[in-house]
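Below is one structure, written out as structure tokens, with a few remarks after it.
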Amino acid sequence: MSTMNLEPVPGRTDEMIVNMGPQHPATHGVLRVVLGLEGERITRAVPHIGYLHRNHEKIEEARTYPMVIPYTDRMDYVSGTQNELPFVLAIEDMLGVEVPDRARKIRTMFFELFRLASHLVWMGTAMLDLGAISPFLYTFWDREIILGIVEKTAGARMLPNYYTFGGVRRDVHPDFFKEVADLLDHLERRMVDYEHLVLESPVVHARTIGVGVLSKERAIARGVSGPVLRASGVAYDVRKAFPYDAYPDVEFEIPTSPDGDTYARFWVRFQEMYQSIRILRQLLELTPKTGPFKGKAPARIKPPAGERYRAVENSRGELGVFVISDGTDKPYRVKHRGAAFSNLQIIPDLFIGAKFSDAIAILSSLDPVFGEIDR
Amino acid sequence: MSQIPIPEDRHFRPRLFGYDPQKSRPWLERAVYSAYVFVFWLLVITTYAGVPALFGALGWDSGWGFVFMRALQVVLLFLLSAVLALLLILVLRKYLGKVQERFGPMHYGPAGGIQTIFDALKLLAKEDFVPAAADVLTFRLAPAVTFVASFAMFAVIPFASGWVLADTNVGLVYLIAVSTLSTYGVLLGGVSSGNKWALIGALRAGAQMVSYEIPLALVFLTVAVWSGTLSLSGIVDAQLGLWNFLPLALPFVLYVIASLAELKHIPFDFPEAESELIAGYNVEYSGMSFAFFFLAEFVELFLLPALIVVFFFGGWHGPLFGLEPGSLAAGALESLYFTLKTAVWVWIFLWIRATLPRYRDDQLMEFAWKAMIPLALFGLVLAAYMRLIWR
Amino acid sequence: MSLLQEVWQAVKAIGTGMATVHKRVYEEAPTEFYPYVKPDLPPVSVQSLALVENEDGSERCIVCLQCERACPAQVITIERHRNPEGKGFLIDRFDIDLVNCMYCAACVEACPVSSIVTIQDFEMSTYDLRTLRADIDFLHEQARNSRQWYSPKFGVEIRTEDGRIEKAPPEMQPGGLAEILKPAEEVDS
Amino acid sequence: MELRLKQERLFDEDIYTVHPEDYRALCEKLKADGFDFPRAVSGIDTGYGLRVTLHLTRLHDRAKVTVRTDVRYENPVVASVTDLWPGVEWYEREAYDMLGVRFSGHPDLRRILLEDEWELHPLLKRYDTGGYPIPGWEPKAWPDPDPWTPPPPPEPEAGEAGEGGEAS
């Protein structure tokens, strides 16, 4: 966060300096970008973040390991349990805890449910940024069903605090599998509508194709991950590259697009939703209806001294956590690698030279969530 | 360890005119809309038939009496546009609610029917704030300019045969002149606000106007060439046998697109683009100044579809069931036809608003200059040629 | 020709989009009529916390401080003293700052006797945040006002019409309670 | 020139502990080796100094590497690698913001999450969660031998054992 503004260039009177945010409706929270505008064209762009900063990393140093999990939830508040997983995996690695097969599959199901929920939110808000009101309401209704399923099992909707070391906190609700199956049927029907409203709309084509092109080399060097990286043609997905939980057991593809523009990022997210539905369908078959949901974890979590970096592929990309343990029951240092944090760095690359309206479309295609960026 | 007691009234208090939302009562909503349309229709009849009849009976239909009669008609038209705005805002909110699987306003009045009146009262009660950086005179003037420019279009709109305030023979020229004026209001309001977003919105409005105004004028010209008159009543009369949208299909499509742009309506709502410019040119307006921008927007949302009906869908024409043309009953029926045809077009505009995202401003300009103007010229030539050989 | 095709494609796509939107007019709105109709929340839903007393009005809590230790937001404050007659401890103070509580239900997981439970009363909005600094009377009141509550150890418990506390029938229980169903008697005593 | 570094293997990552002066040289070598994807830069207060940890991935064969270097509290200067991997720009700013590590050669080293006028570096262990200095906090002695000293070659497991001691 900075109170800094752009200084006007001496002798230039055609550049207008505009503060976009932190209260701007299209910044998905509290991003502030100082823009130099020459008419509608952006000449300079300096992003400022930190308006939602809570210093989770410091708080987590003062908490015991189980207490950290609810705090990780509060980072990427759109994708719920996805945030808990890297931390849980890292500690399981350090402790050497065995996770039962069924627990891993339940975890993966929740992970993919939240990916669907998160992408639905993205779709609604992105279309709202482009000016269409209706898809926002549609996607939020559909997300409501997912959150209802999560609440029935985990007790909370957005911040469930559901994963724990060695498995999950409690067994799934008896209706869970049937409800997920119904949800998938429902979503498959709805996806046809969303294709009509988003991917096939000529207005969306006009606004996104060829806008905000991110080259493959630039994307890799900038540390961009997730759908944004895959839309630039790099098939890097943590689920395939460093498989975790039940991902080795299921079949899915990594959708990539060579274009790297805003439309490609939209398209990749759509295909990811189809892949999520596919993974969930397989897991519905694979997951035993009854069985253990939690492995044997020690009562007091005290990992041996050491360090571990674990990452998962959350809705926005590689969400990593770097835990250093000093052998006590509190972590010595927890460092979160936010996917949206890395993705947001490309704002100056993509904004400069674009039109102001394009900037809104580009920003919505990056899908930032400020709980995770500002931590 | 004392505990502050929980206030008893923390639970929900039932609203005025409480509406039991569990009971789905679509007939009630339809009744509300019908009531509004009926009031609108009555006002139209009063304005165009009642007032002249009254003044004729009193013998005041010449000289100062005529001026006074026109003034009274204008006042009634203002009332009419207020009813129109109430109705259209309600319909917009209810329709958007319906397509978005929600209910829209439903707590005040039957089926939320008087919600808009409460909103208007709220706007009246709000402080009319003028920012420190604003140019006060221009800032105050801009909403009035916008509203008056939209409202002035009523002068030449024929609601039924002979039911028009000024049946001038240069109606089309007047329309072009007046519709351009409303952009002045937007421009002045945006520039004088002292706000960068408002400035960008105003500049976009200006740029947009430059692009759509020319095809719009060319379409007007095409209609004039085809009908052989510049008077709006004459245009309606000329399509007694065949509504213009069939022979003038291409200008008709262009006119719909251009009027979407003129309305600053959803695929082309760049000046106010709430997700880009927050609210664009009216971001600094509050209270009644904002209400006037709003009123102007909804009056235009009626008038531009009304012009589509006048130009392409036979205006007031419809089966008269043997009523004598020119009588009060025939006029009332004709104005009802006109209102209903317009309502269909308003609905189509709202439907577009519910569906489409927004284009980029330069795309509209590109489209207008590279596609719409050539096509409009082509349509003009085609219409002239067709008129030469067929009429 | 390809231009015409493109135009046709665009017109068709806009038409399909508009049809897609209009289709929703005929679907039923899933709106919840909250103030008129209370939502039917699942029993595990964490909306607020309460401190359950036994049927005879005695304290269920054994003041073991497990919840205080488990709380990530550190909003639970407990003070206790030794019971002068008999074993165990007595409560001096049991406060939960429900403003700063993040409703993760870690305290409920930690409680060995299912004294602190989650309830479904979500109507906590207030004009004065101080009303949400819950002391033990408030927490007892919350429990007395609720018909059912949940804790992972006991599952869902309900308060019957005549004031007895019973374990809810299995069809009301969420999943994963197979191993929970047996130790009900030994802790109740 | 021989780089002063210690190499270990932990889980699936190669870990290099390097002298701060050789940090930049090692990074250039890794970049040439094809480590193209920057995951993160973490700053750590080790109790005796500050540590910068750079996590890298080679996308085509998924090799992971962690580079770490220790600097003293008095002069926490580390060479910036922003020009090699532009993606670490914000992470280096964050490490500066949270711990006060100064990255020489960074194009825009400002605070990122906290305000410009903020005075503390909150993740330092000398402050508690509320931001107040912990009374009686003293930095630990600099480890002897230096953290980047390679373990004696005949005992390969000595490096693993020494690893935990540093972090505590």
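Order as written gives the chain letters A, B, C and D; numbering starts at 1 within each chain.
To be clear about the criterion, a residue touches a chain if its C-beta (ideal position, glycine included) is under 8 Å from a C-beta of that chain, and two chains touch if they have at least 3 such contacts.
Here the structure is a predicted model, which means the values were calculated and not measured.
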Starting at chain A, fewest touch steps before arriving at chain C: 1
Chain pair bearing the highest count of C-beta contacts: A-D
Chain whose average C-alpha position is farthest from chain A's own: B
Chain centre separation (chain A, chain B; CA means) in Å: 43
Distance from the mean Cα position of chain D to that of chain B, given in whole angstrom: 64
Separation of mean Cα positions, chain D and chain A [Å, integer]: 26
Computed distance of Cα centres, chain C from chain B, in Å: 51
Multi-chain contact residues (two or more partners), chain C: 14, 17, 20-21, 24, 30
Shared-contact residues (touching 2 or more other chains) in chain B: 99-102, 354-356
Touching two or more other chains - residues of chain A: 134, 138, 141, 197, 201, 203
Interchain contacts (touch definition) - all pairs: A-B, A-C, A-D, B-C
Contact footprint of chain B on chain C as seen in their complex: 14, 17-18, 20-22, 24-25, 27-31, 33, 35-37, 93, 123, 125-128, 130-131, 135-138
Chain A - residues contacting chain D, complex: 1-4, 49-50, 53, 55, 57-59, 61-62, 93, 218, 220-225, 234, 236, 241-242, 304-309, 311, 318, 320, 322, 324-327, 332-333, 335, 337, 341-342, 344-345, 374-375
Chain A residues touching chain C - in the complex, by the definition given at the top: 63, 66-71, 73-74, 134, 138, 141, 144, 151-156, 159, 161, 169-174, 176, 193, 196-197, 200-203, 290, 293
Parts of chain B lying in touch with chain A, wherever the complex brings them together: 96, 99-102, 196-197, 199-200, 203-204, 266-267, 269-270, 273-276, 278, 353-363
Residues of chain C touching chain A in the complex: 9-10, 13-14, 16-17, 20-21, 23-24, 30, 41-42, 44-46, 70-73, 102-106, 109, 118, 150, 152, 174-178
